[in-house]
Amino acid sequence: MKDIYIADLAAFDEGKLFDGYFLVLAKQQRTTKSNKPYLSLILGDKTGQLEGRIWEPNDPRIAKEFERGDVVKARGSASRFDERLQMKVDQLRLAQPGEVDKTDLMPSTTYDVPSLWRQLLSFVDSFTNSDLKLLLATLLADPGLSAAYREAPAAKQLHHAWLGGLLEHVISLLTLADRVAPHYPLLDRDLLMTGVILHDIGKVRELSWEIGFEYTVEGSLLGHIQIGTALTERTIDSLPNFPPKLKTLVLHMILSHHGKLEFGSPKLPMIPEALALSFLDDLDAKMQAIQVEFDKCIREGKSANEMTGKVWALDQRQMLNTKRWLGADKE
Amino acid sequence: MKDIYIADLAAFDEGKLFDGYFLVLAKQQRTTKSNKPYLSLILGDKTGQLEGRIWEPNDPRIAKEFERGDVVKARGSASRFDERLQMKVDQLRLAQPGEVDKTDLMPSTTYDVPSLWRQLLSFVDSFTNSDLKLLLATLLADPGLSAAYREAPAAKQLHHAWLGGLLEHVISLLTLADRVAPHYPLLDRDLLMTGVILHDIGKVRELSWEIGFEYTVEGSLLGHIQIGTALTERTIDSLPNFPPKLKTLVLHMILSHHGKLEFGSPKLPMIPEALALSFLDDLDAKMQAIQVEFDKCIREGKSANEMTGKVWALDQRQMLNTKRWLGADKE
Amino acid sequence: MKDIYIADLAAFDEGKLFDGYFLVLAKQQRTTKSNKPYLSLILGDKTGQLEGRIWEPNDPRIAKEFERGDVVKARGSASRFDERLQMKVDQLRLAQPGEVDKTDLMPSTTYDVPSLWRQLLSFVDSFTNSDLKLLLATLLADPGLSAAYREAPAAKQLHHAWLGGLLEHVISLLTLADRVAPHYPLLDRDLLMTGVILHDIGKVRELSWEIGFEYTVEGSLLGHIQIGTALTERTIDSLPNFPPKLKTLVLHMILSHHGKLEFGSPKLPMIPEALALSFLDDLDAKMQAIQVEFDKCIREGKSANEMTGKVWALDQRQMLNTKRWLGADKE
Amino acid sequence: MKDIYIADLAAFDEGKLFDGYFLVLAKQQRTTKSNKPYLSLILGDKTGQLEGRIWEPNDPRIAKEFERGDVVKARGSASRFDERLQMKVDQLRLAQPGEVDKTDLMPSTTYDVPSLWRQLLSFVDSFTNSDLKLLLATLLADPGLSAAYREAPAAKQLHHAWLGGLLEHVISLLTLADRVAPHYPLLDRDLLMTGVILHDIGKVRELSWEIGFEYTVEGSLLGHIQIGTALTERTIDSLPNFPPKLKTLVLHMILSHHGKLEFGSPKLPMIPEALALSFLDDLDAKMQAIQVEFDKCIREGKSANEMTGKVWALDQRQMLNTKRWLGADKE
Amino acid sequence: MKDIYIADLAAFDEGKLFDGYFLVLAKQQRTTKSNKPYLSLILGDKTGQLEGRIWEPNDPRIAKEFERGDVVKARGSASRFDERLQMKVDQLRLAQPGEVDKTDLMPSTTYDVPSLWRQLLSFVDSFTNSDLKLLLATLLADPGLSAAYREAPAAKQLHHAWLGGLLEHVISLLTLADRVAPHYPLLDRDLLMTGVILHDIGKVRELSWEIGFEYTVEGSLLGHIQIGTALTERTIDSLPNFPPKLKTLVLHMILSHHGKLEFGSPKLPMIPEALALSFLDDLDAKMQAIQVEFDKCIREGKSANEMTGKVWALDQRQMLNTKRWLGADKE
Amino acid sequence: MKDIYIADLAAFDEGKLFDGYFLVLAKQQRTTKSNKPYLSLILGDKTGQLEGRIWEPNDPRIAKEFERGDVVKARGSASRFDERLQMKVDQLRLAQPGEVDKTDLMPSTTYDVPSLWRQLLSFVDSFTNSDLKLLLATLLADPGLSAAYREAPAAKQLHHAWLGGLLEHVISLLTLADRVAPHYPLLDRDLLMTGVILHDIGKVRELSWEIGFEYTVEGSLLGHIQIGTALTERTIDSLPNFPPKLKTLVLHMILSHHGKLEFGSPKLPMIPEALALSFLDDLDAKMQAIQVEFDKCIREGKSANEMTGKVWALDQRQMLNTKRWLGADKE
């Protein structure tokens, strides 16, 4: 297990020495403005990334043979540049297989994945519509797909995304949809829940998460909406008696879930379940983004009277942590 | 009590004779294209409106003295013109006071208003924040305000609006918010519920609902956001120890609830509660609009395979009634 | 064969008697403003539509039993109302099977469909890419699909759309693309031509054209982009060795051909062939719309110095017929 | 001189007989919904337009030979249809030359044109920049141009436009600019005033105002900005020593005066004088539109508590007449 | 008094030594790309800001105890980095109370504030509407408010904003409105002038200007439109006989003065005075921004043939200084 | 002739020494973050630009007297900073006249200009419309104009623009238009070709290309649309019998070629030829931009599986090189 994580370094004094295991996300030869050459690394672990700089690449304590994707053990000291944390790397070697757990090296959900997965299956189990239940059971029983579903992040940008992020987002949405559905009698609960489970399923092929999170070429050209729709359609077509109308509705849920044409949905929601899905999906994504920002403010020691930085998911708006602000007088 | 309502006429044969009590919403002298003069009335009751035409205004069976705002008893026959229902009025007289219940003459909520009001007070009662509880108790105890709150429609257009519509919408939102709030620990439930109760309170002065639903001049120039904010601020200022920060937050909830500057909110939601309020308010309004359209399709005898007409609240999109469509094969 | 077509009536004097065969597109009971009941028909043939009015439905010369979708023979006189042509129907009976050719009753392409189809196959034959050639040969060999491809209109609105319109548009685009492709060496001609042939193929299920042109429910909820992508993907998956990268590119051509997210493409063109397709498709559609307007002006007797009416496909812009205007002085 | 103007008819009782001189703006054969043929005329005079209907075109009291553009004397009675005034025409003959003054037949400015023209020349006279003074003196001395400048309307739509409207608008703007220029030392007054005089000069060829107000084909294809720029450039090029920089600035004033690309200015204001011109031009146009609406409300007998109808020039907003509303309590 | 101002440094040679008094606007520990630590200060005075860098924080000539908000005397040398001016700080000590005038340390209006204030009162004195006169007299007599009104900047960004900026902008607008009002008889001059005085009054609480210019949390959540409206409404409610209609109009002036919903006005101008206010406010702001840019070009030694940099207030457009360009040939 | 070009340097090792001739595009005194002064040069040749840094300006091997616009011979070593190439300059002297060919120092078309020009004239020669042929022959015979037409770049940004770029773009468009015109019978080929030749002709005065590519002040204030229209109009007016209608059409082609008001066209295309021109111009510009990006990827050694960087001309979209990607498996 790792001892030191990138997020811990924020509290370090300038120049403090430390060592740790990291995943090499990028490696490039660079030169400073004053013409000094160095090797620039992007190092990542589950808590974040930082730039590492090797000023003496020929130092015998620096391994020669390592590449993007390798796990390394590095020793050096912390510094700050233009608000961003950096590491001056003095020693670096390749890690031995087994020396460090790979899940320590990529950001991942703080929830227990097997437990999230059981919740997902149990929601499916609660369906009264047997066609939808069979569709989901079939899809989620596919070993390759279910493994990917458990691992996939929900988005590319590291600060919004982590291994298991897709599953975590879906469970939050299922719980929320389960609360909202009974409030509107015109909603078909099982269809809504099916939409929640399938809406982002195309992300398992739109993104790759081997070394950092990236769009695949297929993902760039087709997008997760098309990939997810095709995957779902293929599964439905393998079921002998799936009702054609229900197929149209399920596909429409996936196609329209972004809620606006300009967000890449080729169709706007035209059934109540699709409208509700697009609202709840958007609300849940924004609530998670706000929570992340509030946590970050506390971690960075901002006062309760300060607003957050500009939140990308909220059109660069700054938010105020209500509860903390109200409580500030009592602190 | 009235025997015949405007909504019933849709099922009448052309030319069928009937009589009923109506509120006169407009009265104008007109001429047909072929140069035939007539008196055009807009007649309303709780189920809708229709045009009444008097072709023989000098007929002794037609009262001379009646104006916009009067309640009349009219007898005539039904016809259709360009899809719209019309009444050819043969006889008309002023109704006697007491002859008809005025609540039969304006569209109103199908819920029991005293019961809705008790639900509202009971939600306030459930608050743990004593400042917010006192604020709402004070506001809702004002006799003039509470009477208006119980009567006000939620919007001007007749097909979206009815007496008691504001209260009905608020109760739906409170119930929904009460389900959603526990799902997000970062939400202050009482602040969210306060926002729900106050967000449209300015409508009690933005609209008038004596004879049809109209904007007041004050409503046109200031809007319900400003009117509601001022009303709330005045009440808060009358409470000796209301925390200033909490005041800012409550006012922000009202100011930002439209969620977009172009919808007339001078501020975007900058606290989680305001963001949630703007999502839930929008979702609830759209769900109600969809329900109204689905009901209308059934009333008009449209088949389960037809989509609704263009829904104004959904940018003129047509919607499909999922449950009915899926069930259509079984019918 | 029919003797008289709706488009001919424009030249008729008011009140002139005529008879002809028509398809009944709609049938409704109506009332005039002056309270006179009548039966309103929408009658269509290959050249257009007009309203027919039956003022005496009980006249023994008017058949009782006819419905939307029936072919009728009607006799009456022409009139104009608010610029639109009308027919006062005096006699009406059901047409006997065989009495009139059904292709006379729906607007259809002026080109020879078998010849257009041979051109299509011959373009496919010219491909050097054997995978794409096999894909198209397989698709176009499907009897149901190829029949629909030959019949489908390119759009719903009657004035833009006719039987065979899809095929006519595709042949025009193929010819154009064949001229443009050699000009840009970076374009893969066969991929571009494949995109042309497949881009609107989903319209065979998005639209129905039995009685007038309508969106199907499936078409409304999924759209021709999704339908066409799925249809193509299924065919590719049936071919043993179709290259996966080529599959991604072909699907991307269909997905992105509208060129803008707000026009319902879930992806913007990201390869040169997709960019070229979106430009040429848009140009060809607009050029056809302009040609239709210019023809209409001549048919309606507008002078060469007048601009067209507002062209819907050009954002309601009016166009000038250059060649006719320049020649006007010599006429 | 005419005795009766179209605007007077608003106060007439239904059916009242009258006669008057009118300009025939359009003439068309029509049929009512109930299939009754009639001749429809658009008749205009300086105060407005109305539809005239001839139900008996073969009546010997109706002249056979008259066309669009003719001046006629008509006798008939007033009626109203769908809020619009109509005239049932019983008699109609061509007016004799000299029988009526043509300026009575087109809407025109209420100001004295020679006096407005003297004001224009006197503003030019006040310039200290001799190059600009010479430019304007040369342009305005052109007999054809100056005649057209005095006659041209400022826009096509009849309710916003009248003969002399261009000159009236320019004089208002010159007076306003003369008040504003000294407030900002960075403004070159003579350049600003030159921009005011020239900004809409292209309208003398963009519009025709012989029979109603229409766009010319040249006006549609080139626009008044291009026409005005070319006209100004040609005049400048005829002056031997006009400074090239000043020419660039003068042309820029015309090009950019709409203030936004989407309003048809190919360049945005990039000098202070152009910015000021675009603001003042827009303000003056809107203030005139508001005045027109306020006058219309009074003419139509609306109460001081009513807002105007939707004002086209203000994005369909309704306005309130402040002074009248405040005074309403005293009335 | 200070001897050297930040704006003077632009003309200094690289490396020239100087000393001066500055306000510390920010203080942070940083590291260069080449890993060299330093203390970064943002130093401000009335003419601008610059970054100061302390490379040897342990030098005994550098005071240890100073914070954001302190006034310091610093000695060092000027340099340039990426076009921006910097100061290498060699010595630094806290200034003694009284050693420097605090108005030298913040940007402030170049006008005499007492004289501006007298102009403001004299404009109020010129009103004929006694209700508006009393309202403004009451508001401006409030000692706290009037002190803040005299000090407040008009906006946050330093280059647009200075102490007294609000008052300076209001006086410019009052003078301008006083010139424009008589040109349009439909304008109520006193109402327009009242709108000018009150439109930005909420900025006294939206912004803080103790140490640099910042938004308060209240300002972020409520905005100056809401704050100013509430402040005005409270004062009106304290006046026994203020006419209710006039109150509505005054509040509408404040609410609508941004002229567009997307600029944060919850209502668009619906009275002529509000329309005029929104135009003149916008014009005045842009004219001031242009003047600032022209001054900056001259200070920076740009040639008369160069356009300004991109002007933020004009959507990043570059402007040309007309008068200077025209005069350039004569220089 | 030059031996070494800037584009070659990308392949150089860090620190490799070289010398070459360059045009000095800018020269400024700067300081590094660590306070080290240096002289920064922007050096250009036909293949690109790079920053040169002189750290020892007083070294006797560095010439003192050289300015922006001079041609110099410089010796030094290559380095990279933040992905951008830099040159550390050790020696620098002014080049002697004749020592280097100036066409080596600015980016220029890779085509033979005299041959492109012959193609242009030969297209004109192919016209059947003698008026248009005479117009173009007259314009292109003007020595100053034709020289400028052969030299002008098509746009300012260096990476999109090169000497001869305008002519190269026009020849590509003429060839394309010649292929497309016969496909649409409603197109007047000669008018379309005339539009192609004239649409960007105003760029000969909008841009200057003596030392780098810049907008002239005239170009900024008037734009190439106005400049080109005026130039064309003046030539037409010099031809005795040019048909006025044809003049209007030619000017409309230039005015409307950007296809959208927001792109600076004051008129939208209203004739088929103008519509076609705006499509083909846009397509050709984007195809060229894509080709440039694909070439850049290959030059930079990107893999066939990587998409390009964000393409400015395609709204920052990334593109995939289809042919290379499909071929990647075979490589």
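Going by the order they are written in, the chains are A, B, C, D, E and F; count residues from 1 in each one.
Keep this in mind: contacts are C-beta pairs under 8 Å (C-beta built on N, C-alpha and C of every residue); 3 or more make two chains touch, one makes a residue touch a chain.
What you see is a predicted model; the values in this text were computed from it and never measured.
Listed here as common contacts of subunit D and subunit F: C, E.
Hopping across touching chains, the smallest step count from subunit A to subunit D is 2.
At the subunit C-subunit F interface, residue numbers used by both copies make up over half of all numbers present, so the two copies contact each other through mostly the same positions.
For the pair subunit B and subunit E, the distance between C-alpha centroids works out to 46 Å.
For subunit A, residues touching at least two other chains, in rising order: 32-34, 217, 220-221, 249, 270-271, 307, 318, 320, 325. Which chains touch which is summed up as A-B, A-C, A-E, A-F, B-C, B-D, B-E, C-D, C-F, D-E, D-F, E-F.
The touching residues of subunit E, counted against subunit A in their complex, run 29-35, 37, 217, 220-221.
Put simply, subunit B touches subunit A in their complex at residues 172, 175-176, 179-180, 183-184, 186, 188, 191, 243, 245-246, 249, 268, 270-273, 275-276, 279, 282-283, 286-287, 290-291, 294, 307, 314-315, 317-323, 325-326, 329. Within the complex, the subunit F residues that touch subunit D are 217-218, 220-223, 225-226, 229-230, 233-234, 237, 248-249, 251-252, 255, 261-267, 270-271.
Those residues of subunit A whose C-beta lies close enough to touch subunit E in the complex are 14-15, 32-34, 36, 53, 55, 79-82, 86, 88, 305, 307, 318, 320, 325.
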